[in-house]
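Take this structure, written in structure tokens, and hold onto it; I'll ask about it next.
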Amino acid sequence: MGQSLSSQFVNLLAAFLLLLAFAMLAQRRVLTLIKLFAWQGAALTASTLIMAYATGQRHLYYSATLTLLLKVILIPWILHRLIDRLQIRWDIETLINIPATMLVGIGLVIFAFALATPISEMASSLTRATLGIAMASVLLSFLMMIVRRKAVPQVIGFLAMENSLFFAATSATYGMPLVVELGVALDVLVGTFIFGIFFFHIRDEFESLDIRNMEKLKED
Amino acid sequence: MEIALVLGFPLLGGLLLALVGHKRWAPELNALMSLITLVAAAALTRRVITDGPMTALEEQFFVDPFNVFLVALTAFVGFTTALFSRPYMRIEEHHGRLNAARLRLYHSMYQLFSFTMVLCLLSNNIGILWVAVEGATLATVLLVSLYRTPASLEAAWKYFILCSVGIAQALFGIILLYFAAEKVIGPGGTSLLWTHLYAVRDQLEPTVLSLAFVFLLVGFGTKVGLVPLHNWLPDAHAEGPTPVSAVLSGLLLNVALYAVVRSKVLVDGALGRNFSGGLMMGFGLLSVVVAAFFLSRQKDIKRMFAYSSIEHMGIVTFAFGMGGPVAAFAGLLHMTVHSLTKSAIFFTVGHATQKTGTQNMADIRGLIEQSPAIGWGLALGTLAILGMPPFGVFTSEFLVLTTAMHEHPWATPFLLVALGVAFAAIFGKVQPMVFGETNLRRLPHAPALVPVFVHLAIVLMLGLYIPPYLVEWYRQAAAFIG
Amino acid sequence: MGESAGVRDPTFRLSCLGPVGLRSPDGAKLPFRTRKQTALLLFLARRPGVSVPKAQLLDLLWSDDDEASARHSLSQSVSLMNKSLGSEAIAPAGTDQLALRPGVVWLDVTAFEEHVKGGRPREARHAAPDAAGDHGHDAGMMERFGMAWLAAGCFVLGLFPTSFLLMLNRVAVSLTGQGLREGAVQSNWLWLVPVESERASYSPIVFLIVIVCVTLLTFILVRRFYHGRLRYSEAWGCGYSELTARTQDTADAFGQPIRHIFGPLYLMKRHMPAADDPAPRFSLKIYDRHWYWLYLPVARLTEYASAKIALLQQGRISIYLLYSFLTLIALLVFLR
Amino acid sequence: MVNTAAIAFQILQSVFVVLAAPLLLGWANQCRAWLQNRSAPSILLPYYTLAKLFHKDAVIARNASAVFRVTPYVVFGCMWLAAGIVPVLATDLPFAPAADIIALVGVFALARVFSALAAMDIGTAFGGLGARREMLIGFLAEPAMLMILFTAAFISGSTQLNTIVETLSHREFAIYPSLAFAAIAFLMVLLAENARIPIDNPTTHLELTMIHEAMILEYSARHLALIEWAVAIKLFAYMTIGIALFVPWGIAEAGNWGALPLAFAALAAKLALGGAGLALLETLLAKLRLFLAPEFLSTAFLLGVLGMLTHFLTRG
């Protein structure tokens, strides 16, 4: 019984994640974007905890704490600091207008579900739909990275993708081995730092974080 | 034991060089660390040749002919590149393009990079392999952006974003793999270990694995530089310091390809049919053709050779895609000779660009008059990479072509046309750089050209005669792959 | 002297570089009655003042008429000439000989030769191998070696073809499973028998030996029965003695007749100097047709293709991301 | 098969050809003189000329190299060798197997190359001119010649001149259309190769037209004599090749002394006819302009090919 309850919880959280992904896709303001990202982390933590509780796998608790620290607290904080230091409070321009993006996103979700169903059929774990949702949100974050014109949202999109992957790892399977999760977390952290450093360099060199400035290297 | 050394010393070196900062002897220390790594790798190789495959540290690491030969190659090229970068970086400093802090970053990152490379190769755990590849990306991103010029920043940014995203796809693939493996092996650490996965590969769920392979291919393929995922590669090669270009072409691409091949073996075992092979052949062929046509438009010398790397990676991918012992053998051989030749070329190119102060091929002329060693190095290296006999590249390309002609005749015209176009493009551009009139100034430090000729000598040797143990070793690896 | 004749008036100007024509001192064009007449005048004008035996002229111009009629037509044309050139221009000289009075006719060929001779000092410099302005040098030791050992290889192959053939035969057998016929086994280092001795056989060694022997034999016989007396002199050159760098024979010149035959296969641009060109230059440029209808199109095609492909790399990171995204989607679709 | 008699035959034939060659030339000139109703020179005139030339002192240019001096001997040697190969009097000569018809063409080519080299050796304008024209003729004539020889070779299934002659002579008379074609082609080649009208005129020294004469302008005395003699032998050899290919009847077996007189007689008759025919041709035809020579020779080549094709056709 508890299993089914927890599975319902996890599915709920999964749906919430998907919603968040769409929200990020639609979001125009950087600060809100970061908030959404933090929320995503929180949802991830929650689902991980539920999984840990349901399956009683110890290392999932660790990874939950890791997620909490890293993705709910540390990285959002870093991003906040960054945009404070860089004084970037502008709205985000997108390459394609938002509604079109949303439509594409919905298409992606359907595609991802269609792709994931045969696999979910055989999923022995207590969460069937989650794999499809994870894949969908991965693709959505990808889409977000494509359509954003500024550097910071792109990076947030990348981190969101990382989140979705984590979600896939924890919900579809019983979580990756701890050593792997640690390694991935380390990479993400270092990556974020490096991104941060890059923001400053780019700002210094190009007087803006608009990646449209960075189209010099090409074949002519 | 040797594994610990091979892994430990680059890490140690990286930390050490990061801590001590840029001393006068930092380059020597860098070279020394690489040397020790090389020695350890050699010892490891001997061990494997004598005792055969082995695992270590409750199976977290394992060595078989396939990866040990790449480890040896990596260590070797790493060492020679360190030798080359010693004077190169001094000259850069002398020209005022780099300062102490940057050099410190460079040296430590160089060591960390080679650490991640070796980790990728030796790790038995796909997750760790992924972590290492991502780590390599992070390290090289810093190296590519070393000059902090707008161009280098742009290149590094593209490299970072594209590769991180790609690698993320790979992670998803790994998760799917784990998802499938879990069913068979059960939860826990072991179900991500290559060795265990191979053991049970025919029981793994085909649909999941094919899906996983797509993600893995796109992910690691981005790092291999397969068209159309290649866009980061020319920029990163052209804008980073030349030693970095050398290791990117010589090592990173190989390692990424190594990951792809491992997953291919796994998936083939599960699917039975040659689904992955077809994909790899397609990507390989596309890369070869597209890269060849890119070549003829290049103005920047490093960019041109970057495209040539794409082309050759395409050839190797195609070879592995075809499968079968001969093709696999050819692929391994081509990996070896390509990374040796290409790094040698980048060494000479580096010094040439330093001499002329430009990477624009139109401004580089008459190297052979000014410094015969550089000129000859570039000329011979180019001939080698273009697959002129008797260099080793010819042997491998010949094997690939003949196998293709035998098993997939439709592919050979594309390959031949691409090779022809590439030859015309590169040779036509390099020839005036080597010969022709010039007035160049002397370099403040004597260039290190020993590595160039060592590499070319080995490539030549491999073209004329492959030592029996090396053959045996390739055979085993090929048997494992094909 | 042609030059001086050129300036002294009144002279008739005879031009045969280009269309043959004769002009009177006042520039009026004088017609020739017959072609033989033209030939005769040219022949004499070429050597003014030199008395030419009539027999030679007859042999040249009227060789196929009989003696009497030939003599008659000769005298007739001479008189016709004298009518236009003024009396006694062509006068009988010595016994049965004719000569054209010097300075009556100015011939452009002679004038041209004078110009060439006038340039003799430069010619001499050209001719002297070690003088300045002469960049040509004989092939060095290594170059000669390079040619020599190839030649030697051909020679050896020619002398001992059988051994090589038998070696190759093994290869052929190993590849195709069938080699030379049974009869060929007879062939040893001496005899080359591709099929069987009745069909064909050839022995390079014997051949060489016999040629050498016969040649030597000839030499010995000639020395034995006659003598080896030898005198050196200037090259006769059929009266043409200008052996300078200018007159050397080039490979291009050597191929000229063959080129003339296969001319259509090449694209030849020839520039002929006009008869009265002050600085006459002949130039011939040869282009390869294939270059235009084979190589250039291929090159252009390649250029076009690479130009199109270069559109892949337009520097926009979003586009690049889109590529990988689409690749992923495409593969996933392909998978289903 | 190599016995003393055969060897004797070999030597006999070689010597005979060398000695008889000028006679043929003389005979041809005599016939031509008659046909052009000029007073004919003695038939022995060529011998007198040779003797005179041999007695003179040789004069050569200062810048002449060894090639120039060696060439006459080589050319003569080549022709002599050819005379040894062609079955003039007898078949199955012991030396014949050493060289088949292809080698024979090679011998002529060798001689041609040497004379061209010698012509250019001095560096006079005419030498080069002659050499290149000679080469022009050569590279057009040789393929035609080969075609003709191959036609014959196909009929007898061998490139050995001996075998060809035997098969052609010792079978009952039969008309070969292919051989007819080949014969005409051969005639044209013969005219071209021996510097006869209509390709070249051996008697004149007109700058614009001469080919062979232009090459040997610089030669004098014994060198010239050797070359002239070689020319005579070449003509003789070609005649005898023609005879061997197209009218081989009456030739003797090597070592068969009995058949020798008949062979002599037959040969003399055939050669007499041949010489007369040549003179007739030279009288009737007019000298072609140099650049008509290719057309002439390509016609010959064409006929040769036609001959071969008709052979395949008729053989079914």
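By written order: A, B, C and D. Residues from 1 in each chain.
Note that in this section a residue touches a chain if its C-beta (ideal position, glycine included) is under 8 Å from a C-beta of that chain, and two chains touch if they have at least 3 such contacts.
A quick note: this is a predicted structure, and the numbers were derived from the prediction, not measured.
If you take subunit A and subunit B together, the chains in touch with both are C. Across A-C and B-C, it is B-C that has more C-beta pairs touching. Centroid analysis (C-alpha atoms only) places A farthest from subunit C.
Subunit A and subunit D have centres, each the mean of its CA atoms, that are 97 Å apart. Averaging C-alpha coordinates per chain places the centre of subunit A 82 Å away from that of subunit C.
Averaged C-alpha coordinates put the centre of subunit B at 58 Å from the centre of subunit C. Computed from the mean C-alpha positions, the centre of subunit C lies at a distance of 26 Å from the centre of subunit D. Multi-chain contact residues, meaning those touching two or more other chains, occur in subunit A at positions 115, 142, 145, 211, 214-217, 219.
Along subunit C, residues 310, 312-313, 317, 321, 328, 332, 335 each make contact with two or more other chains. Residue positions 157-158, 161, 165, 169, 211, 234, 294, 297 of subunit B each touch two or more of the other chains.
Under the contact rule defined at the top, the touching pairs of chains are A-B, A-C, B-C, C-D. Contact residues on subunit A toward subunit C in their complex (touch as defined above): 95, 111, 114-115, 139, 142-143, 145-149, 211-212, 214-220. By the touch rule above, subunit C contacts subunit D in their complex via residues 191, 197-203, 206-207, 210-212, 214-215, 217-219, 222, 225-227, 229-238, 240, 243, 247-249, 253-258, 260-261. Interface residues of subunit B facing subunit C in the complex, by the touch rule stated above, are 157-158, 161-162, 165-166, 169, 210-211, 214-215, 217-218, 222, 227-229, 231-232, 234, 279, 290, 293-297, 421, 424. Listing the residues of subunit B that touch subunit A in their complex gives 60, 125, 127-128, 130-131, 134-135, 138, 141-142, 145, 148-151, 153-158, 160-161, 164-165, 168-169, 171-172, 175-176, 178-179, 182-183, 187-189, 192, 205, 207-208, 211, 234-235, 238-239, 294, 297. On the subunit A side of its complex with subunit B, the touching residues are 57, 115, 118-119, 122-124, 131, 134-135, 138, 142, 145, 151, 154, 158, 161-162, 165, 168-169, 172-174, 176-177, 179-180, 183-184, 186-187, 190-191, 194-195, 198, 201-202, 205-206, 211, 214-217, 219.
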